[in-house]
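The first chain written gets the first letter, and so on, giving A, B and C; residue counts start at 1 in each chain.
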């Protein structure tokens, strides 16, 4: 059930266990654990005004639950989660929907140490109607059971460096003009953001063991590194590692103040958990606007491509610019993603 | 969006962001985070027997969510939350209802230091039907952005010292005789409490960082002092402060044993967070019965005015009487409020 | 309301306070607090395929809520929870159901110290239709208020050493063949387990104060030993004790990997909390298969009798066999219980 590096083969497919129906309880917990505040996900009247039948589930909650399903088969014995690519939010998910997970191995590369290797996996979540709601690629370093086991042939997948703006999914029913700035708490729309702009979000959030473990269990993510302090004593860090997705959620919640009208995630182009995060760390979030584009057939909503930096235990005002690809000791998250934001009406 | 003292003007109005639909998930979390046990809020058959369409949401959960909406505009830069007055629970709230928040500045007074000032705000929460469910006044000390900024003219509002018994809201549909003592666990009714009576409730509750932060995020209250341990290191206490409302909820829950049939909050007449509370503190609760009154047109239900003392890290048996207005180092909460309790049937 | 040893009499009956409607919020919290992963409780389509109208509530969540109701009357002043017997899961519970608790004292025995005594109680939970969903016996050591109080006559109940296989409740509607191994993540069925088999489950879970307190409050279990760190300083352990039921839930969740198709608890034959568990401890779980039996009138589902050992802060690979009745310093839980598992179809 849990696999080591030498157990994987390119083309191998997994139907992941534990289909999961999302409930109002999951959504309340997500809010309590992360501080998410977008009214799209917590105001039924606003959600209906936008054209949804009810509040859509927070995009990242969908991601975490979908991701969690892949852990038992793919990354239970992972050394590190190395990167993401081509992550697409395809269709909204609502309370009552049931998610199933599927994956296919698309690449393998043994590391020179012979102790582990990188597994590239293409995964997707489908709902109870069999429709895809989310798809992504990730690569993860997985330990070998037996360092002497022969290495599989190296296959490196061809991964897109970004999800093209033109391919982003926007529900046809969406009435984005219903996103009332009074409800979101911010008046800045798509037109008001410029490439190169830097936003240092004002809040900070200190993380606790109980919180990241509750979140990670809610997602039914069983990766041992998050839960077992006894075993962690003999690890390189000596401590439980916080699930990187929890860090993304905390940063997304902190960034509500400054990105109030970024009402949906459309894609994650790439990203890295640049440093580990531990209980007791305090997270802050900086965004850099990378790009801005209109969307085919939509004059009401546009896309912003953003770079999210999660930094820990540092005043953002003292954090220097961090170049793309550069590592900074305080930066734990460096995520390249794309959000949807309403556009100003033509006058 | 977040305001400093010199940004406020008497008469200024705010429509607060983030309308919030209350769900069964919120109610379960409230129970898990506070230990609330009134069956009115967790037994659907009992709620319906009382005349409700379904379980009413715990009064304090409604308060915390409504209060949380005001933080971003009013108290994000608060130094301290100084007091409450004239808080009225006007109408029950049910799962599925959506709360909106509104505030008006009704008073301002710069402190002699010139570094901050007191802002008096009248706030209210309305539901999706536009009906008021809760209203209150609070005053809060807010930092100035610029100590050299000119002080606004001092305006001190005329605040009532209490919410008159005769003005308390009791739903016309309420069948309070359905409040079965077997269900609540206590047989004492309105008739059995006497002014001057002191009740030392038996339980104690130790507070944890993860818990108060989860509660405060659930309420979408973003006040920085509760969440950011890194920044708190340079504060006067050096630590995260626990949201005062969490302390009220813990004390309310502890007081179920002794006030089992106090089935609803009707008003908060006034109160103060007399000392800060931190993770690791253990809370205990004492009540003093202040007054008792019948209610117009109701022979089945009466009002008790109570003084709630929250004390930390002390045996209640060793806590001396604390006079009104007196401060005691162990007392963190001193709240004057009014509850509804069924009356004995005339024989 | 809370009783000491000398307050009890054989034949005494209690209708416990605080009827409780179970919600989707409770179920989400249970999952987040324990890591439970059986898809029977989190996938609506799977639950309906099994014949349920909706997801049945996790058996242990039902138990904890039912157990919690008995604490205020029975074990608020308990020194220790000594044992269980004859626990039967009689009927499934669903979101929206309301549980009531009832107990009867069936035995009493003062300890030789004269400071406390053992109270034997038969308890049951009934739903809003008045149907029993769960019944059990437990015995608990309760302090005397007054060591000089006369001891009641000793009455020792005749307790069954096991719940007979033939008496286990299996819903007539249940289509156990719908339990898809792809959904559960495991292919082993009833036929594949042999008496004497030992299963060391791979995960480990470190416990936090915030988590066990949230769980125990969710169950409205008010036993003081779990919540009051200030008072605990003067106890023999000096610390808050973790509710033994939380330990059972954690072990049940850890054991999903290896017992994936054990889709329901049918009975608890007996058990003991062999050592106290504290925040910071890391739990591991071993199972020993005790026995296997078919069930009257069912060719599709069988019963496994299991022994669950919960061990803390120890590698299971270094934990020796622990004989029945033997105590090992690392073992905190030794539970004898019976689960239902689908059988292979005859070919």
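Heads up, the rule we're going with is that contacts are C-beta pairs under 8 Å (C-beta built on N, C-alpha and C of every residue); 3 or more make two chains touch, one makes a residue touch a chain.
Because the structure is predicted, anything quoted here is derived from the model rather than measured.
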Using the contact definition from the top, classify how the chains connect: line, ring, star, complete or other.
complete
Taking only the C-alpha atoms, how many degrees of rotation bring subunit B onto subunit C, rounded to the nearest 5?
120
Which is it for copies subunit A and subunit B: same residues on both faces, with over half shared, or different residues?
different
From the C-alpha centre of subunit A to that of subunit B, how far is it in Å?
36
Residues of subunit A whose C-beta touches two or more other chains
23-26, 28-29, 208-211
Contacts from subunit A onto subunit B in the complex sit at residues 23-29, 31-35, 37, 39, 42-46, 55, 182-186, 202-206, 208-211, 257, 260, 280, 282, 313
Quick check on the complex: what are the subunit B residues that touch subunit A?
1-2, 15-21, 23-26, 28-29, 72, 96, 98, 128, 208-211, 213-215, 217-218, 220, 222, 224, 227-231, 240
